Amino acid sequence: MPEKILTKDFDVKHLFKIDEYMKKGGYKTLTRVLKELKPEDVMSEVKAAHLRGRGGAGFPAGVKWGFVPKDVDKPKYLCVNADEGEPGTFKDRYIMTHNPHLLLEGIVMTCFAVGIHTAYIYIRGEYENMAVRLENAISEAEAKGFIGKNILKTGFDLNVTVHRGAGAYICGEETALLESLEGKRGNPRLKPPFPAAVGLFQNPTVINNVETLSNVPCIMEKGADWFVKQGLSEDGGTRLFGVSGKVKKPGVYELPVGTSLKELVYTYAGGIKSGKKLKAVIPGGMSSPILKPDEIDISMDCASLMKADSMLGSGAVIVLDEDVPIIDVLRKVTQFYSHESCGQCTPCRIGNSWINKIVKRIYRGEGKKEDLDKIEKLASNILGRTLCPLGDAAAMPILSIVKKFRKELESFIKG
Amino acid sequence: MIEALIKFLCAIVWFLLLSLYLTWAERKESAVMQDRVGANRANFFGFRILGLFQPLADAIKMMTKEDFTPAFSKRFLHNLAPFLSFFFVAVTISTIPFGSHLMIGGKEFRLQVIDLNVGILFVLALLALSIYGVILSGWVSNNRWTLLGGLRGSAQLISYEVALGLSLIGIIMVFPSLKFSEIVGFQSELLFGWLPKWGVFLQPLGLIIFLMAAMAESERVPFDLPEGESEIVGFFTEYGGLKYGLYMFTDFMKVLIIACLLTTLFFGGYHVPWLYADGFHFPWGGDWLLPHGIVVLFQVIMFNLKVFFFCWLQILIRWTYPRFRYDQLMDFGWKFLIPLSLFNIAATAVLMSL
Amino acid sequence: MVEIFINDSAIKVKEGTTVLKAAEKAGIHIPHICFHDAFPPEGSCRMCLVEIEGHPCLELACSTQVREGMKVYTETENVRDARKGVLEFILAEHPMDCPICDKAGECTLQDYYEQYGLFESDFLEEKERKDKKVDIGKGLILDRERCVLCTRCVRFLRDITKTGELGVFERGVRSEIGIFGDQYIDNNYAGNLVELCPVGAITDKDFRFKTRNWFLKKGASVCPLCSRGCQIFIEYHPGFARFKVPKRVYRISSRVTSRDQSQKEKGYWICDIGRYGYSYMDKDRAENIILKQKNRPAERGEAEAFLGEKIKKLIYRNKLQRMGVVLNTWLTNEELFLARKIFTLDLELEKVFFTELDTGEKDDLLLTADRTPNKKGAEEIGFEINQIEKQKLFDETELLIVFWSSPFGLGSITELLPELSKVRTKILFTPFKRKWNDAFDLVIPTLVSAEKGGSFTNIDGKVQHFDAVLSPPGEARAEWEWLVSLGKEIEVDFNSYLGMKFPYDVYKKMKDKIEFFR
Amino acid sequence: MFRLFGYFFEIIRGSVITARHFIVNLFFHTLNLFGIKTKRKGAFTIQYPEQKSEIAERHRSLHRLMKRENGKPRCVACMLCQTVCPSECIYIEAAEDPDPEIQKYPSTFLIDISRCCFCGFCVEACPEDAIRMDTGEVELAQYNKDDLMLDLDFLLS
């Protein structure tokens, strides 16, 4: 087992309580950062650490912070994207359950770096326990003076609010999240302008994933160089991989970026359950294209997976064994996206429902020969032509499943 | 006087009745020729009898239609024109012999209204006069198309009048008389002892010229240029109802009168071959003597049969050929018929002088 | 100014222009459904995708702003494929009930299908069933199946009227437009939704099923129902050869002409009062000249002679001040100018009054309190818009000429009725048959503004010319024609009235005489 | 001269043909009239009023409007037939149907049959198969011109 950075203390009981957290050295770095460093130092440190966003798109966090205009009168906001809706993903929940203070520490550092005084944690409504735990942690931290007015007497103010979403997948998309946070219907906005310039309430806004922000205290504690060394040069640190499906030991594994997928499945997760053969792996949450067994000897970082026409996404690895009919997978995927499409733009609204209807028909055994071609055509009509990435997220797995498992699907149509 | 009146009434009634039923005959004949059935709807208490009531229905229809005069036309002349045509044609019947004599109570009645000694000239003159009806109607209708129709009609009639007259010169040469009764009388003789000495055998060319010219005179289809419903508008366009009916009727009367003339001049009139006043005397020997009444009956029937045949023939021609073009019509009259009839006269003269 | 290339042809546009607008300027139509000039781009219909050199995937023309040297391609295989794809998606869930859809014939979707689609449908699945007939207030009927969720209606009510009655409900393919509970749409601009809707999802009861829009003809005119003078199209039925159509005018639609920024928010819309208040054009119209003493419809010459004779008699008797005139602000600039010339300048009358204005409540967007079209024009021509002084008007008056053009009721002018009998000769110019017409000796039918040419000066002082759209009913002629012939008849300044054959001839004279109209 | 003979010959031949038709037909007609049955009948066309010619399946005859199962007209008053009609003989007024599935129905449907040219465009244009021209009614003459204006009730029955 490689060294754990983020989750090193997660086996400590009651780590979510501030006392336990501080016992383990929590908030020490924050004190140092606030008292000794300037905001620019923090930003350049994070930039140097090549910390990529852990939410799915994999955009470098430091660069993103840099987009926020510095000299404006408008208030700036930080939105923490805790709306973990991707099927197969449960890493943020892991962090928030075990160590909410780590996240809070990261939030304070980020806000300090960018000059933000208001932070929202947008958490999905289903995570009620975690929301309560976060709220408790916030009040604990406020009591200790880590959050609130005049933090640690440095004159830096920060107000952190937990906002519960209603559980829409689309609200994990950053602009939809903003709309939702503003109290409107969770529809994605047209980009550009990007949220860094025009975001929450038309003001500059930074939006980061829970895991991304949780990494910031580690970077500040041990330095960017050390952090980069843990992973790859362009993709630093470790990642939390949530392995689920037909493996012997499903769960969250913190591994350096660049660990092989094969290693992850066979070594850490213990291989396939009851000695069955591997059928396929979905490497980064449901929206990432599927990989066949001969493709899984691949480094788990954004660039390598992109090369293999897949994506790392949120690092949620779903393992399928030979018993899983691929039509089931396809049906789940299309069902999910047609249900979760917000209905704003045409290709995603109607395309997903159309594909879902076709797949359902195939599932009922009423498939027609040309259906697969039709699905491919529809999916490629959605791909790259929607308002927000949800369309792509829907089209990519569908396309890859149809392409890679065409024979099996065809046999289902004939049968 | 009374005798003449009765004879005239009989003749004119016969004439008009036949003309009336000629319309029916024309319809029926054309229908049968064209594989149709023809008028058969008119009925009287459900009896149809081959559509024989059709002429009556037509007559009633014509009579009950609106009688109108176009604006700016002379009402009197407009009304007069059809009657003019009708009158001149109707009168001609009075010179046609239907049979020889009928002896009733020792008194001798000629079966002819009046036996003029210029019979042929009289008929030709009256037929020529009927043109006035055409011209008058065309002019008085105050319509340029009717005027054109009338002018064309008069041009045509005058042209063919010449050929008509010339074709008869031959007949007058071989049967040296202008009296119809005498011409018919000449034809009762025998040629070569067996062939009736009919005009057709003496004047075959004359017959053809007469037939053509006479048909042109009747203004029916191959020569129907004055009317020409499909290409020009005829002289009686502005007529309707009974007055229009009169024109139509005059046409049929002309057909009938031409048939009568053909019969009388070229086909021995009322003569039945080899029937004499006392009965048949066949050239191959053998007699069949008959009483006087039966002989006269035979004669009248024979005359009618011949007339019917020529009516039939004219209708056949009318329903067979397409119409001439106007220039063709004039060419035909002036450049063909007239020279031919002159040639006929010359040839007849030469042959007779031999 | 930025130079960009659209389909390889260069065009210069202002900085900040979107690709769609630039292409429109270059004469290239990029199909769009959700985009509307009056709103910021929404980008949800995905019809306007174009290829831009250097961009990995297709870009939205409606929201992408031009950059120097940008190369845009609007007709490549990829673009056409994308359009077709989007159309296929929309049509997959769109009910094919064009035959009963009032929008058919002017429907964006139909046009685009003809231009960019033309495919056989591969959609073998069940379409989503939604409500076909939802009352959303103000006579508007929403058909949710036809809706393509462009959200123009939602944005209109949110951004323009700021009432926000409509919203999008549900998600994904079940998304639908709806009202919140029983908060029905109730504002004066709701009729615009029908025009705004690119498909037939929102229709109004007023036009619904009355006729098909391809039978209608459009004529440009100016709305006379308030002093804003919105530019409108009058959509009228020219009639069938054999069958009588119940009315001429079927609807009024807005005419977008003023696209400058100051007018931007207002120029696209008309209010419901103008939109639905057109029935006066066909209802109770006076068609015949009625000369009471003759007891039969009179001819135009008779009426002119009658009118001229009465005035001339007063002139000979030197009793011109016994003549009164009542005008109104429904008349065009030209007519008011002629009226002023004849009655005030030529005849020097003192008793020239204006009827009471039609008024109503104003609102923030367009509707003004003054519900007559030409008050400003009358003022600029030189009239004082005064109230009728009954005493002055009826005192010793022998001849009274009343111009009454308001399609609304008679209002307070009914107070004059009992006094009318005092006057010996009363003459009325009116386009309408009303009961009070009987009180006049000569009733001359005139035209409503849709039937005559002329100009109105709106509340902002803008002179708007318009031509006749409808043909005049019966014997009715425009007031200016009557005034011109009256001017000739009374022979005071005969030559001035020669050569006035069209409203613009009058306007040319006005331009010479009055600074304002230059 | 030779040409002239040719004409003459053809003229005679024409007469012979028509005369042959006349005689043959008359002969068989007469036989039939007297009830003598021969194999061959005199050639004639259809005896129209008594004997109707068979109307072909696709023959365009008098219009009719189709009904739905509940007896209402199938027509949705889309006015496409009115639009496409080249002789402008159709007139429709639409009204609101209470059934939201149907929505629109014709309150007035007039066909001026005196103007109709039986081109069948209305049938082609109809998206609902509501109008058909398959009644087989071809005898449309009326004594009164107003009777040629067919209304909805008539077209439905």
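As written, the chain order gives the labels A, B, C and D, with residue 1 at the start of each chain.
Assume a contact is a pair of C-beta atoms (placed from the backbone, for glycine too) under 8 Å apart; a residue touches a chain by one contact, two chains touch by 3 or more.
As the structure is a computational prediction, the values presented were derived from the model and not from experiment.
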Pair exhibiting more inter-chain C-beta contacts, A-C or C-D:
A-C
Would you mind checking which chain's mean C-alpha position lies nearest the centre of all protein C-alpha atoms?
C
Centroid of subunit A to centroid of subunit C, CA atoms only: how many Å?
55
Please tell me the distance, in whole Å, between the geometric centres of subunit C and subunit D computed from their C-alpha atoms.
48
Give, as an integer number of Å, the spacing between the C-alpha centres of subunit D and subunit B.
43
If you average the Cα atoms of subunit A and of subunit B to get two centres, how far apart are those centres in Å?
116
Please list all residues of subunit B that touch 2 or more other chains.
none
What parts of subunit A, by residue number, touch at least two of the other chains?
none
Name the residues of subunit D that each touch 2 or more other chains.
none
Given the complex, residues on subunit D that touch subunit C span 76-80, 83, 88-89, 91, 93-96, 100-101, 103-104, 110, 112, 115, 127-128
In the complex, go through subunit C and note every residue touching subunit A.
41-47, 49, 56-58, 60, 63, 81-82, 85-86, 88-90, 92-93, 122-126, 128, 148-149, 167-168, 170-175
Under the stated contact criterion, what part of subunit C meets subunit D in this complex?
97-100, 104, 131-133, 208-212, 214-215, 240-243, 246
Touch list for subunit B against partner subunit D, complex:
29, 32-37, 41, 316-317, 319-321
Quick one: in the complex, what on subunit A touches subunit C?
168, 170, 185, 187, 190, 338-347, 349-354, 357-358, 361, 368, 374, 381, 384-387
